[in-house]
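One chain, subunit A, appears in both complexes that follow, with subunit B as partner in the first and subunit C in the second.
And now, the complex of A and B:
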């Protein structure tokens, strides 16, 4: 396969340059692309405990990519070059290297679209299949193979795919990971049935089926001096059904997914089936929105290699029921989805106090409330004397609607944003978090963290192009690393210049030597679609999560340069 | 509309590959019996990766016909009283071993105990335990050891290399390769151990007199895993030599020579307790 990539690209270029002669074709042809370079220069830091030995001579690290896509009418082709030389600290070391992990060609012929090469895809909410890429996480589970999309009839959308998933730079060979097959159908009933075309109620139904074939691994267990062989499945299938109902401002969404026995390193080789239910009901009108969600995940880790325990080779995805936190102290305790089991609820309310009302002020005031509460699912022993989650057994029995222990996460956020004048804007937030650091970060035995966070974000515009933004944040907790305070100043000369300085101070750390300042200064310059930014500072150790998927960020000290551009 | 549903159903069935596993999820392997063997591994070096332990029973001195093309070394084309040695009989540890250690460091000691029985078709005095440690990722062999089941225990103080030979009783070129392996054993003595794996088409039982079945599930699994282009071929410590793990016989000698004398990274102590009842 490795040899095929350059051939493919050369072929693509030959194809492009060859056709440059024929006028009608090039007239319609278009090349777009994007580029990013993230570099970090690391320095020793006695206080953070970063020594010369830790740096291991790799003082400069970089991640970068270049994306090139050629479009011509119904034809599209492209590739992405990536380089990690070596990867920035906190990214998986298996990324070290460079090459073209992603390339594709796509053609649309009437109601059929065919893609060969790499592609990203999602069935429904992703409960049984989602391949995506998240640069900041270093996450990429693109599928390399073939995909066909077919619309046989108005309102009916079918998708079928087959391929293998990306695993860093390791090529697929000889069954070193599974082969994923999937099929999805979606029906827009109002489009299919003429009688429903004008109906106020809109209904969309969908169903998916996914199967992963993996060469059976040899896995044994020695118990009481007898060696046992695990009877492992070669084919693990999952399916899901979903519906969406829309009536005026109301919307109801639900998806249920089921996975057959999938003993793997993720679930300690138990044979229980997996289940997942996601439901959401929401209502919105101008200035007001409310949304209630519920989720239950039971043994739903689904990977295309049963021995994988890292973040790679996920076939499916479980959307989080927590709000993403953008302010830095509120993001110290982020929630990571627990694929082996969680049950949770979320309620969100948005309300805008109308303009020119007594409370709303001249420009109106936005209020956002969010509450999430997530627990382990109920787990009961399958038989007396067999502990829950014992390998080589059914694992556990679980009451579908019961809430188990322990609690994983709870959060209550309230955000008020108000514009006082053309010049002055303020956002105030309060966040309460209960965080099971033992489960989420794997800090065995550490107590539950209870944190209160207050944030003020003020922006003052001196002139239409010059603005100063200030953030003051404070986090109070008796547990983990104790209290924090943070201050930030950002001066913007729109649209070209940004200057930022900030400091996070861990004054409450129970370890006096770790009561450190994490200071940073940054500037950025923007020209058109290109941006360059340069910063210097300390980076605190922690978790970075996007959509419930997380990676660990190590403590660091040094310079960061980021360059991005698109055309 | 109907057509669509049919297409959907057919595609669904095509992709419907789905293996429902029924109990028991765990099946005992190896060979049941009242005899016991304990294997103690001591790592002498810090080695990265996961390691597995393989415990095989092999048998020497089996007289059975073998096809042969090389008249200079023995009767051809049918060598009726051919002596088959180092024949894989059974594994106590499935096909690719049982978990032994993760990233062991120098001084890590792991002891495993297995029970086993002896088939009536085997000759106790010709039976050996062949024990070896493999890397969980690429199956490369770290150390090997062998003892006679009815004999006293012994422990090697060198790196011991394993030459695994893929062979078959209807393979006409195999005796010559086996002879070469035997010569290597004579040269390297205790630093080299041999294992004969009968697997593939040329190991299948045929019309009499080639109706013996020397094949084992484990042997076939190893054969399938490494997928040799044919027999006779072999693997030296399952280590890559000149770009390949499975080697034609001409590469065996240089591949062994490459590994002999490298530092010993683990020692294996085997203790057999035969049930005297």
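And now, the complex of A and C:
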């Protein structure tokens, strides 16, 4: 079967490309696509401790993909070819190889859409189901199977799906992972009920149900010389309800999800049910926006294989409540969602001081404030003498609204940006972070990190299309790797050329031998949708996170080339 | 397997050459169900601007150059609209982490754009967007006539130059 799939796709596309030449299809048929090639050439580096042995002869590594979509009227089909030869340092070694992990055909017939093959889907906020891909992380949990979308009436959207999830290159066969089934309904009340069409209040309701079937595994536990057999469920269900209410500039969103007991390697095989709540309220008008969010996650890891502990086979998604950091030193301590339990709050404010006002200046000034605070949930022993999280038990009891210990993460940042003249702009930023490196990075016993970061980002335009940008960043902390300073210069000639040099210097590292410069030089050329970039330098060890999912990036020294194009 | 990858490679190259020829009539937008920032269901096949040009810009809260590009255009947007009738649709690819913060962010930055939420990247994938910012110009009939990735200071000049040509019904240089 595995061999047949590529043959089938090649055949399909040969057929389509053949027929596409004929008159009837050129009128309507379209082929679009995109490619990307990321290559790295690695070199030894005594200071970083990278030896010939570490490189193991794999001096050049590459990740690449080619994506093709064929569209003809209501029909769409496509595939993605991927190659990791071998995967770039930091990506899961299980990716080594190449093939076609993604292919689909889709047909829209009036109000019904059917997809067979691979697809990405999200129910609500993803608390019970989300399949997605993130190339930079090497994350892909696409579902292979079938999906139907149906719109029976104006404002009513129904979706149903069944399939198995991608696990690197390992094909699905009986019992090596679960079969995921799901159903979702969404109701836009203002569109359904004619009387509400003109109403200022918009209401959207939704609900989802997901079930994962996994062949029951044999698992035993020996305690006091007695052997216990785990009674593991073969079907694990989860459901969620959500609402969204909009009134003028006000908006309220909430979703609650519940999952029945799902003992797994992720939660140390406890039998507690899981739940999560995500709520957000915001208000905005022109020039001002504020949003407040709250979240509670309790034992909500939901994977389609109960023994999996890596970043794979996730059925659901739990968004982190932190502001993503875009400046490099502010991104040294990123937050990763803790699926076994966390409770957190976030606030974000954006304000534009009007132009031509005393404070705002000629072009206006923008202010952004972010605050997040995240803790463990409250966890109490289920019975005397049984420690919290003991395997084979109900795990713990938890007060829904209580804040537990320890603190996982806290951040406050303020960003001011102002254009002073046609030629000069400046962004100033201050970030304060408290980071539980023990929990988030698994560095057992390391103390909490407290970091202060200051950033200045200045842009000067010599001509309308030639500009020089300068960044200066400084991070102060007494913990972990100590203080850092960073400088960057970027010269651009719009819209085609980019030249960048930067250096991150870890001058405060308590280990004198590790007080290193991480320098880099890069250039990029853009032509339409094609981009080629080449860089040389040192890469600092750290975490690369997108959407609360992280990948460890090892220290490296060498050349990187990226080619990307779409048509 | 090796043979297969060679076939794929040949097809990819073949397709790219072929699609270049095919590009003349432009590419119409795929039909994807999204929501507007103010909670209305919206299908991307319905994107239109009464026969006038449209700028479609893929962005996210975490993308610094995207926000820079949209802020830069915001300073000129009124003049651009008056001159060419252009409309900018900013498609946010923020996921559930930030999608509910997109509207307050856009309002707080004083933007006048129409905002669409592509929370699971369906529209992004259908439009073959690899990296953001990725900006498209659509002509009055909804055909993609120009596209570009990345942004640097002054990049907006090329964008409006091309919008002017589209508004005047002139052909534009693809790159």
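FYI, the second predicted complex is superposed on the first by the 559 of 567 C-alpha atoms of A that agree within 3 Å, B and C clash if a C-alpha of one lies under 4 Å from a C-alpha of the other, contacts with A are read in each partner's own complex, and residues count from 1 in each chain.
Assume a residue touches a chain if its C-beta (ideal position, glycine included) is under 8 Å from a C-beta of that chain, and two chains touch if they have at least 3 such contacts.
All figures in this text were calculated on a predicted structure; none of them were measured in a lab.
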item	value
Clash or fit, subunit B versus subunit C on superposed subunit A	fit
Touching partner for A:33 - first (subunit B), second (subunit C), both, neither	second
Partner chain in contact with A:509 - subunit B first, subunit C second, else both or neither	neither
Greater residue coverage of subunit A in the superposed arrangement, subunit B or subunit C	C
Contacts of A:526 with subunit B and subunit C, given as first, second, both or neither	second
Touching partner for A:222 - first (subunit B), second (subunit C), both, neither	first
Partner chain in contact with A:111 - subunit B first, subunit C second, else both or neither	neither
Which of subunit B and subunit C A:474 touches, first, second, both or neither	neither
Partner chain(s) touched by A:67 [first = subunit B, second = subunit C, both, neither]	second
Per-pair minimum CA distance [subunit C against subunit B, superposed on A] in Å	19
Subunit B/subunit C common contact set on subunit A	none
Contact footprint of subunit A on subunit C as seen in their complex	1, 4-5, 7-9, 11-12, 14-16, 18-20, 22-23, 27-28, 30-31, 33, 38-41, 61-64, 71, 75, 95-98, 100-101, 103-110, 119-122, 125-131, 134, 146-155, 157-158, 174-175
Subunit B - residues contacting subunit A, complex	1, 3-4, 7-8, 11-12, 15-21, 24-30, 36, 92-99, 112-115, 221, 227
Interfacial residue positions of subunit A with respect to subunit B in the complex	152-153, 156, 158, 160, 174, 181-183, 185, 192, 209, 211, 213, 218, 220-223, 225-237, 260-261, 263, 271, 392-394
Sites on subunit A touched by subunit C in the complex	6-7, 10, 13-14, 17, 20, 26, 30-36, 66-69, 71, 76, 81, 83, 98-100, 108, 120-122, 125-126, 130, 132-133, 135, 149, 155, 157, 188, 191, 202, 204, 244, 246, 249, 251, 253, 278, 280, 282-291, 293, 317, 319-321, 324, 326, 348-352, 363-364, 366, 368, 417, 419, 459, 461, 463-467, 469, 492-495, 498, 524, 526-529, 531, 547-548, 564-567
